[in-house]
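Across the two complexes that follow, subunit A remains constant while its partner is subunit B and subsequently subunit C.
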Partner chain A sequence: MPRRSCDCGNKRVFREGFPIVTFARRAVWLLVFCGVALTVLAVLPVDAQTAQNAAKEPAYRAFPVFGSRLAVWAVAQLHLNFAAFILGVPIFAVIIEAIGWRTGEARYDWLSHELVKLTFAAFSTTALLGAFLLFLFVGYYPKFWTYMTSIFFPTYWVYALLFFAETFTVYLWYYGWNWLSGSRKWIHVGLGVLSNLFGTAILVVANSWVTFMMSPAGIDESGALKGGVWAAINNYTWMPINIHRLIANIVFGGTICGAYAAFRFLGAQTQEERARYDWMGYIGNFIALSAFIVLPFAGYYLGREIYAFNQTMGITMMGGFMSWLWIIQAILIGVLFLGSNYYLWLGMERIPGSERYRKYVPPMLIILTVGFMIWATPRSMVVTLDEARAMGGTHHPLLGFFGVMSAKNTVVNLMILTTFLSFVLYRRANKIPTKSWVKTGMAIQWAAFAAAAGVVVFYGVYGYFVESIIRIGFSVYQVLAVLAAIVLVMAIDIPMFKGARTTGQIRWGTIAPHSQYVLILLAVTFTWLMGLMGFARSGIRQHWHVYGVLRDSSVDAATPALGYAANVITVVTLAFFALVLFIFWLGGLGERGAAEVHGHAAPVIAGGRDDMRA
Partner chain B sequence: MRLLRSRFLQAVLILVLAFVILRFGIRPPAPWSVLTLYLAIIFMAVMVFVSSDRDSWRSFIGPIWTTLVRPERRPLRIALVIVIPLLVGYYAYTQAAAKPQAPPELRAVHPAPPASIQFRNKEFNISGAENPLRKDAAKFREHVSKGGEIYIRNCVYCHGDNLDGKGHFAPGFNPPPANFQDPGTIAMLQEAFLFWRIAKGGPGLPKESTPWNSVMPPWEDRLTEEQIWQVIMYLYDATGQQPRRWEASEHASH
Partner chain C sequence: MRVPVVVRVGVFAVLVMGSYAMFANSIPQIESKPPQELSLEGGNVTPAQLVKAGEEIFHTKGTCEICHRIGQKGTRAPDLAGIGARAAKTKPGMSAKAYILESLLQPAAYIVEGYPPIMPAVDKPPIALNRSEVWALTAFLESLGGNVDVTLNDVPATVGAGSGGAGAVAELKIPGDPKAGEAVFQGKGTCIACHKAGKIGAAQVGPDLSQIAKIQTPDYIMKKILDPKGAGTVANFPPGVMPQDFGTRLTSKEYVDLLAFLLTLK
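Up next is the complex of A and B:
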């Protein structure tokens, strides 16, 4: 296969051609999936007669050995993991491509292509898992599926059409990379944007089904659709889930890309390869961290809407039998905060001049650690009878103050501010600003940090002296203070460091190897967290398929115990990473083959210049 | 002072200091489960601290490395080989040995209330329900006073005359009766929630998170609806807590 070339910006970039056989194979898989989906759509009961026939069908069938619930759970979680990845990564891939296009930096174009390549490899797996999930619903939960179809049938067509549009746009985006380069690059970037729009539309359609199961709307007493399907789509939790999942997908995509880069870094044979994947890992972590900072706010919005829909459901989630999940969640998120900062601190070692900022590490670590401890403090503690008597109940008179939302909101906001400070220090590690107003700028930045921290702590403490309904509103002020500080600091930082004197080039590829395991840890932790929180969201329906409407009368109607759920999620996470590892390995295999033919693998050298940081 | 610059020693000192402060500096003592959690987090942070740059990491593993390989450290190695398994064994023994009391359990903070209950053959909506007696502000004191009588007659034996869960019978119960003085109990809840808990007691708790181990009797057969609302008013008044209010519905369009 001859090597093709493209002119991307001011650098010449070479990229291998793609065998037509691969394209054909993927096209066949896609057609198989679409055919299956259309067949299922065609045979779905839509009229009264078929509905009556469906009523004679058993409500449930038993999946061999594992049981139906476990089968659906595992496949749905795997499907969601892959879908989150292929929907999340293109969002920042197109942004990175646009940066490369506008700045003429070819390495951004390479990175964007590398990211899309990863999602591409996961595309067929996502579709196959989706088809498998559909089979499971149709085969093992026919009554449930018939009911969902009676509500959402029109959306199935929309979903299928969007899937077609998304697939072909992504295909064109990926395979047209060389073709639509140079003066036609804007068309290519436009395709990336379009594929993201289609992808997001797919997400919101699928979310309408899931959220309807949690917070049904637009139906009458018998559960039948009252008016149009829009009322069922626009239920209480639909928009919060859309926002929460969209942001979480970006975080997830960032961590997986970081893990991929780490995998390639650790197996790199040359310094150039190490430098490239070190840079890619940094970008992956940066993206994940940027989106992760706003994720708690989206989660809080979702929680509020769940409470607003149904108080019982809200209490089950936060105070009832799901409450212990939040302690596990706090520990995992604490690990994510600590891990992300740790990676940045390790990364500063490869930046000459960063020594000036090392003194900030211990105080930042102390804030993160104390914040982590407070966030993980349970309200109702695991105590022996003696301990309970010594404490005067299951609530500790001192530590109990850390168990409520006032304390937790306060520390999570301080942890976000600290993480942002880490990033700011990293960003300026090898720069010395030369602007005349540096002192003033720095003073305003520190004042912004202090003011935000002050507002956060003030409302955190004040929250203990007001009733709950007022306290809930304080979290909004805390969030706004943090976001305002972030915006203000960056608004000063960018012009202040423009044209700054450099203290040396970033030595990409020289980061300590154990930093790469941190990237892998972050990806695994986030995947596990997604599964766990997915269980919480789904589990609060308890013995209902559709909350309050369609009861679960199967043998699996009992909500699983937390230990069992954690085990299932662990196994699914392991399965997901085994599949992802296989895909990573395939990616490397393809390049090795290409290298044999062409004499070298990916040609774009990333990094090496001090002004090349994101 | 040179010794103190060793990262290894610093790490050990931080861990020891953290243990001493958390174990002996908090009164009443922090439960063992929380102490373990805190120490695990601090251990993680210490590992981040010692490994966040190469020099620090070298300084940290230096003493470990020399202890493991240097011939002159042989006596220390032998001592560690004996002491570490003994400590682990002792810890395993303390965890596995039978104790005269029940092991600690995970407990849910608040049981989730049902949307509605049957109260004396009447459908009673929990969600959104307000205390009807609060509408008549002129009779507030009267209701609180009657609530106090009801409390002294029925509740004081377990929940105590200070409403702190330390009544006469309290030592016999595990878990102990609810402490209403704790800002984490009734102050976090709407009055309707309390109505449900008092009316239905332990037997009316939801099936989720069972066993609840609650000996709270259902009071619906002994107290009238008005009496239950009165005793609720007394609980809030006597403890100085405010009941949680319902949020106004913001989603009428849904």
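Up next is the complex of A and C:
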């Protein structure tokens, strides 16, 4: 294809011709997928005769060698990983693009394009895994699938149409980057927003199926729909899962982008490249961390709705055979908190002027470590009789005191506050505010931190002296105190540091290389955590396909123990990263030898050149 | 020698995930198994056996222990110590067994003061106890300080109907003899002429039944024997080959034995 070039500001930008061959190849894939999806929709049993014929089908078929459950589990987890990535990344990609558009900084436009490129490469794999999952359900769990179809058939069409809309919008967004630039940039940003709206709509439709399996609604005792499908969609856990998954997708997308940047940083040949990917890694971590801070609150909401739907299910989840799962979750989240903060502290070393804030690191590390230890303390343990006698019961006399929700809620809120403090210090590391009201502003900020911590600790201690039903309500006050502090501190911080004096530019690319392994640790840990939470969500149904409605009478009706689940999660997560690596490598093949693609000059980041280092 | 980035990152990722998996394997491994069905109808069962069966249900399938304790105050639900004696005095004019049964089947009918109305009906999904199990559980609760006088007739006949949920198939315990059923399969039933069943038979006229209990529901197998045409023909096999007269050719015992044998083929 012919290449045209033009000068844009002080950067030389190459514009490539429209890659017709690539587009055609992807369009063929899309048509194949859509054809398959429509064929499946067309043959779904909808009339009475077909339903009768379906009743003669076996309830289950056995997937060769691995068994049906393992096959569905592995493909579903992989599909969810990819889907979370392609739905999460565009959310912040469009925000970054809008920032670039409004500020005129080319590096944001480059980053946004880089992010969408990653999404784009994973798009067809997500669709193919989704189709594969559908085939597994239809083929190996026909009775279950027939039942779900009897409830949700109208939503299948909505899903297919949304998928069409999402695909074409994302294609236009990606390939129209140059075409819709300049005065037409607002249309391009609009396409990004639109693709996010379609993507979120796809998410909420699919969530209605999976949440119905957990907390069925809108059906009579025989399991048939009582009225419209909306009652089944709008079940107890639908909205909490929508919110939880949306936030988690952003975290996930951020960590994967961070890991991608880390990978490129470690393999970079030039200082300029290192600087670029150091900056990208920081942005990835910043996005992940920002969303991660509010994720526990969404988790509380989901947990509360599970209890509201069915106490037995809630208690089984937290205190039954799954109780140890939450200890593992606490460890993983502890790793995420410590890792994110450690990355920020390492990052401060490349910021001139940050020395002022190093004294805060040891106390923050102590709070995070102690918080981590308390959060991972089990309340009651499965012990032998001798061990129980030695401890004086199933609760350890000292550690058992920290294993209750009062202690755990308190420390997680303190960890969130500490992480936020890390971020605030990082943000102001090379700035000295010049406003006349700085002292007052700082005092109010510290007071906000102290007040929030005070409220959190007060309700944490008070929780030991009240009934559980009252104690549950305390977590709301703790969360509100933390959120209020975050909002207040930022509301002061932004104007206070506007026009601040700088102590020097951030030396991007000079961060310690081992910091990049922290980014990879975060991505791996969060992906593994997603697998674990998927197991929790599915496992609390126990021997039910649809809780209390459609029983699992297959050979796989037992819910496996955590060890088995962890092994499956590990293997699938490994497969996911192997596939991601392959897809990214494949996506990068077309760019070999070209420094810029689709008109996107790789920006020069501060610290990327010797002459730019202050 | 410089190790490529992809290898370094890959090894690091494997080590991280391996450590998580190793920890998950080091803690107590608890599998949640689907509950077994208990059937006492028509059998001779002593009160002691009934109480023992009820105690097991209390700790397992009934999931009562999630909220209730015996001899210990709970925050979610009342202490059940002495419930057998207390139940007779809770609602005037209502016997202990009637009160306990009402509490199990219609928990919202009477809420003990100071506790939230969170108890589910035990004969409905997801707990879904059947009639025999409700009988045994009632007997166990009566035994906690009271006299066991509940009979199967005290438990409404409708209890447990549809407890398996829509389209669900509760695990059946066919009272037949699988060994005798195997003999029917090979002998009077002449099934072996067309079907393979594990190590028995080799014919391929009809579908291989070696895993029939794994891939089919008991109600389908029952129907297929009595009404092969009505149950439909399995894909890729000729229709109308399976005899239609097993319902009259086999005795009840032979039919039940044959079923018991087929349900062992997993």
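Here is the rule we go by: the second predicted complex is superposed on the first by the 566 of 614 C-alpha atoms of A that agree within 3 Å, B and C clash if a C-alpha of one lies under 4 Å from a C-alpha of the other, contacts with A are read in each partner's own complex, and residues count from 1 in each chain.
Operating definition for what follows: contacts are C-beta pairs under 8 Å (C-beta built on N, C-alpha and C of every residue); 3 or more make two chains touch, one makes a residue touch a chain.
Remember, it's a predicted structure, so these values are computed and weren't measured experimentally.
Engineer: Quick check on the superposition: with subunit A as the shared anchor, is it clash or fit for subunit B versus subunit C?
Structural biologist: Clash: subunit B and subunit C overlap once superposed on subunit A.
Engineer: Taking the superposition on A as described, I'd like to know which of subunit B and subunit C A:Val210 touches: first, second, both or neither.
Structural biologist: In the superposition, A:Val210 touches no partner, neither subunit B nor subunit C.
Engineer: Looking at A:Gln542 after the superposition, I want to know if it touches subunit B, subunit C, both of them or none. Which is it: first, second, both, neither?
Structural biologist: both
Engineer: Between subunit B (first) and subunit C (second), which does A:Tyr236 come into contact with in this model arrangement: first, second, both, or neither?
Structural biologist: The first partner, subunit B, only.
Engineer: Between subunit B (first) and subunit C (second), which does A:Ala62 come into contact with in this model arrangement: first, second, both, or neither?
Structural biologist: After superposing on A, A:Ala62 lies in contact with subunit C but is clear of subunit B.
Engineer: Looking at A:Thr312 after the superposition, I want to know if it touches subunit B, subunit C, both of them or none. Which is it: first, second, both, neither?
Structural biologist: In the superposition, A:Thr312 touches subunit B and subunit C alike.
Engineer: Output check: A:Phe321 vs subunit B and subunit C. Expected answer is one of first, second, both, neither. What do you get?
Structural biologist: After superposing on A, A:Phe321 lies in contact with both subunit B and subunit C.
Engineer: Quick check on the superposed pair: does A:Leu128 touch subunit B, subunit C, both, or neither? Answer first, second, both or neither.
Structural biologist: Neither subunit B nor subunit C is touched by A:Leu128.
Engineer: Which partner does A:Leu365 contact after superposing on A: first (subunit B), second (subunit C), both, neither?
Structural biologist: first
Engineer: If you stack the two complexes on chain A, which partner ends up touching A:Tyr147: first (subunit B), second (subunit C), both, or neither?
Structural biologist: A:Tyr147 contacts subunit C only, not subunit B.
Engineer: Give the one stretch of subunit B, out of 26-34, 152-160, 170-178 or 188-196, that collides with subunit C after superposing.
Structural biologist: The superposed arrangement places subunit B into subunit C at 188-196.
Engineer: Determine where on subunit A the residues touched by subunit B overlap those touched by subunit C, and list them.
Structural biologist: 310-313, 315-316, 319-321, 324, 331, 381-382, 467-469, 542, 559, 562
Engineer: Of all residues in subunit B, which touch subunit A in the complex?
Structural biologist: Residue list for subunit B touching subunit A: 26-34, 37-38, 41-42, 44-45, 48-49, 51-54, 57, 99, 101-115, 126-127, 164-166, 171, 174-176, 178-179, 182-185, 187-188, 206, 208-209, 242, 244-245, 247, 249-251, 254.
Engineer: Report the residues of subunit C in contact with subunit A in the complex, numbered from low to high.
Structural biologist: Those in contact with subunit A are residues 5-6, 8-9, 12-14, 16-18, 20-21, 23-25, 27-35, 63, 66-67, 75-76, 116, 118, 120, 124-128, 162, 164-171, 211, 214-217, 220, 231-232, 266.
Engineer: Sort out for me which residues of subunit A touch subunit B in the complex.
Structural biologist: 217, 231, 234-236, 307-313, 315-316, 318-321, 323-324, 331, 334-335, 338, 342, 345-346, 349, 358, 361-362, 365, 368-369, 372-373, 376-400, 403-404, 464, 467-469, 472, 512, 514, 542, 559, 562
Engineer: Under the stated contact criterion, what part of subunit A meets subunit C in this complex?
Structural biologist: It is residues 53, 56, 58-62, 143, 147, 219, 221-224, 262-263, 266-267, 310-313, 315-316, 319-321, 324, 327-328, 331-332, 381-382, 467-469, 517, 520-521, 524-525, 528, 539, 542-544, 546-555, 557-567, 569-570, 573-574, 577, 581 of subunit A that touch subunit C.
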